[in-house]
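The same subunit A turns up in both complexes below, where it pairs with subunit B and then with subunit C.
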Partner chain A sequence: MHLAKRTIPVAIAFVCGIIQVVDYFFKIESVNTWAQEIRSWVSIVAIFALGLGAVNVLRVHLKKVRQAPSESLNSILLLITFLVTISIGLTAGQSSKPYKFIFDYIIVPTGSAIFSLLAFYIGTAAYRAFRAKNAEAAILLVTGCIVMLGKVPLGEKIIPFAPKWTTWIMEVLNVGGQRGVMIAGAIGFVAVSLRIIIGLERRTYGVD
Partner chain B sequence: MTFFEKVQNLDKRVFYLLMALAIAIPTIRPIGLPVTITSPVKKTFDFVESLPSGSVVVIGFDYEPGDEIELSPQAKALFVQLARKKIKVVTISSFPVGPMFAEECLKVLKDAGYQYGVDYVNLGYYAGGESTLAAFAKNPASIFSKDWHGNDVASMPIMKEITGMKDFAMAMTLNDGPTGGTGTHEWVRQSVMAYGTPFIIGCTGVLAANNMPYLDSGQVKGVLSGLRAAAEYEQLVGKLGDATRGMDAQSIGHVLIVAFVLLGNLGMLASRRRRSAGGEKK
Partner chain C sequence: MNISTDIGVWVGALFAIAIYSILYKDNLAYSVVESIFIGATTGHAIVVGVQTFKSTAWTPLVGGKLLFVVPLIFGALLYTRYFPSVSWLNRWPLALMMGTSAGVAMRGAIESQVVAQVSATFVNLLDINKFLIFLGTVLSLTYFFLTFQIKGKASLLPKIGRYFMMAAFGAAFGNTVMGRISAAIGRFQFIFVKWLGLGS
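Up next is the complex of A and B:
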């Protein structure tokens, strides 16, 4: 069991990881070819994962409908739309009129509508939580307001210097902070990658 | 409850109603506020302008429906410029819905007389994020043997010019973040760092802060962030569209939020002053 659950996955990760690293830094034809082959496998594995996800969604919602049909309206709707979209995609194709209808008149409007609700939630959250209770909060408040006004033409009319200050905040203050975060994140990323390659990151292999 | 306490705790439905009106009215009756051009957008425009006519660029449609309103207008404005310069376009996507957005935006090229398979191609969706993008960068044919419409990619004249990322005059991603797709950092690693291909980022407004360091360091040639950048780009290419119309609604929305934040703070300050004055009296 240990061999299948831990040793083989670690060995696969080690070989694949080392090949990718060597491929990036050196021009060795055989290694470059293997690395490209492995990257193509990733695409295939990801497609299988996508299929697995779809099957899982079906299983979860079918179970819900079977257990409590009267309380599973959302699951029933999900299953219907799921099956209709897949059937049309498979039979008529993604460029077909019915599929495009689903995309243009159902997927895009609902996706945009849900996302646009953020404007309302963020607005009320900012109104309730954005209070200058101390110096740090006051700095954040003033900076946030300048950037919000500097990003829109009407804000520019109200405070003419807002765009200039916004550019300075974004290109000086923000870049300095972000650069630190990105470099620290990258170092952490390298460390975690090394731990995964040599098998120290146990959670990656499904071991707690 | 005093007036100041009321101001601090207005019913959120009042805000919802005002916000709905602030967005709906300018969308129905645009005001046409002028948009000034910012330096990241001008840099992007100037770089695209410097590309040789007839070269090929690759553009990633890495976003989902929620961010379509910010990113599709960027793509359409950019395509107007690419069409004028007769630059060929290859599109790919790390989201299943991405090719549909690409198809919609590519109509700009079709209307400009571009021929499918010769001047532009929509290769479609790829799974696997950065690893697959890396494989595409090394050898596009290893990932896409068929395009999004099911045509054979190898036989297309446009793809005969391309053996890898190094052959593209420019790479670009229209990106709403790394969740579920290929993010901007991954694109930088696989285009700029690995092959030195000039790169441009088109991202949502909230991602602007994350991507500005790349522009400052010179690793990317330009950053377009949010609807504002799209509106500026529409002005630069001289074809106003959805982004310019949307800016009016965004303008009033932002001002409304700032006004409410200031109102809440004024209420808080006034209540504090009132409380401390009351305390002194006691």
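Up next is the complex of A and C:
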């Protein structure tokens, strides 16, 4: 049982990971074929994982409806919309009129309204973040304000050099700072990936 | 004023207004629209998933690629988590996904985030802007140097690196704010121009 519960998952992660790495460093045709095959397997398993998410949504909201039907209007609406979207999508197809209605007039406008909500919340976050308490916060404040002003025509009217400075900040200061963060993050990422492949980070796939 | 007669535009506009109503306080209209949105989005994800499954797994399998049985079995094993006696079996597909993702991500990280970035940094250092990029990159990296504590005058290096990073974060913040504001403007245009017909 130990073999099936602990050793096989570690072996699977090792073999799958090492094939991808070997395929990258040594251009061996048979390894490349297997690496591609495994990548396509993963995308198929990921679809099953998506289904798992749907099953969880169903379980959570059905439980809520069963426990307190009078207080679960939101769960009922969620379940109805969920099932209606799936049945239309699978029977009539994604190019059918009712499905397009759901996509164009419910998913897209509501999604972008939710996305844009952050424009309002970010204002309060900016108030807290942009208080020049020290040198770092002052730099954040100045670059943030210049970039915001440089992106709109009104900003150029207030500070004529704002667009030019925005370009310089984005192409020089931003690149320098971000590049350091990116390289440091990537080195950490490589370390974690190696730990997963060689079986030191087993918790990521449920083995203690 | 020329109000739209399109039912879809009405639905889109009323849903957007319901979403914006959260800015005042939590209310029934917001939670109803939020639930409908989550239901529709999850349903859409499943529909797309099923279509992708058909084209990437089912069609090749029926066409004779019998090896595709393996991911189907592994995918099905994910659902063993609902049966406590055999729930450990879902470790196998997770190990497949995690191992492969780690390998693929490692290749990507080395190539695009280390090698490409380093080689792009050491270019034409006599140019003042290129030199500043080089300086920003190296000094930002010193901030992540954790092998031992940098003391004395050398501690100025990670400090300057932090200033470069704050400038980058400020720029990213400003960019994000403007992106979100333009999305909000798009929604308001939809409400005022497309739905209410003002200014058209």
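What we mean here is this: the second predicted complex is superposed on the first by the 196 of 208 C-alpha atoms of A that agree within 3 Å, B and C clash if a C-alpha of one lies under 4 Å from a C-alpha of the other, contacts with A are read in each partner's own complex, and residues count from 1 in each chain.
By our rule, contacts are C-beta pairs under 8 Å (C-beta built on N, C-alpha and C of every residue); 3 or more make two chains touch, one makes a residue touch a chain.
Because the structure is a prediction, the values reported are computed rather than measured.
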* **subunit B or subunit C, by number of subunit A residues touched** => C
* **Contacts of A:21 with subunit B and subunit C, given as first, second, both or neither** => second
* Identify the partner contact of A:182: answer first if only subunit B is touched, second if only subunit C is, both if each is, neither if none is. => both
* For A:36, is the partner it touches subunit B (first), subunit C (second), both, or none of the two (neither)? -> first
* Tell me which partner A:127 touches in the superposition: subunit B (first), subunit C (second), both or neither. => first
* Name the contact category of A:200: first (subunit B only), second (subunit C only), both, or neither. => neither
* Can A:157 be said to touch subunit B (first), subunit C (second), both, or neither? -> first
* **Touched partner set for A:55, first subunit B, second subunit C, both or neither** => second
* First, second, both or neither for A:145, with subunit B first and subunit C second -> both
* May I ask you to decide whether A:103 touches subunit B, subunit C, both, or neither, giving the answer as first, second, both or neither? => both
* Report, in rising order, the residues of subunit A that make contact with subunit B in one complex and with subunit C in the other. => 24, 38-40, 42-43, 45-47, 49-50, 94, 103, 107-112, 114-116, 119-120, 122, 126, 141, 144-145, 148, 151-152, 170-171, 174-175, 178-179, 182
* Okay, in this complex, where on subunit A does subunit C touch? -> 4-5, 8-10, 12-21, 24, 37-55, 57, 73-75, 77-86, 89-90, 94, 99, 101-120, 122, 126, 129, 135-137, 139-148, 151-152, 168-187, 189-190, 192-194, 196-197, 204-207
* subunit A to subunit B touching residues, read off their complex -> 24, 36, 38-40, 42-43, 45-47, 49-50, 93-95, 100, 103, 107-112, 114-116, 119-120, 122-124, 126-128, 130-133, 141, 144-145, 148-149, 151-158, 163, 167, 170-171, 174-175, 178-179, 182
* Can you check the complex and tell me which residues of subunit C touch subunit A? => 8-9, 11-13, 15-16, 19-20, 22-23, 31-53, 56-57, 67-68, 70-72, 74-76, 78-79, 81-82, 88, 90-107, 109-111, 113-114, 117-118, 120-121, 129, 132-141, 143-144, 161-178, 180-181, 183-184, 186-187, 190
* Asked: Contact residues on subunit B for subunit A in the complex?
  -> 10, 12, 15-16, 19-20, 23, 33-36, 38-39, 64-69, 97, 99-100, 103, 126-129, 131-132, 134-135, 138-139, 142-143, 148-150, 185, 194, 205, 208-210, 212-213, 216, 226, 228, 247-248, 250-258, 260-265, 268-269
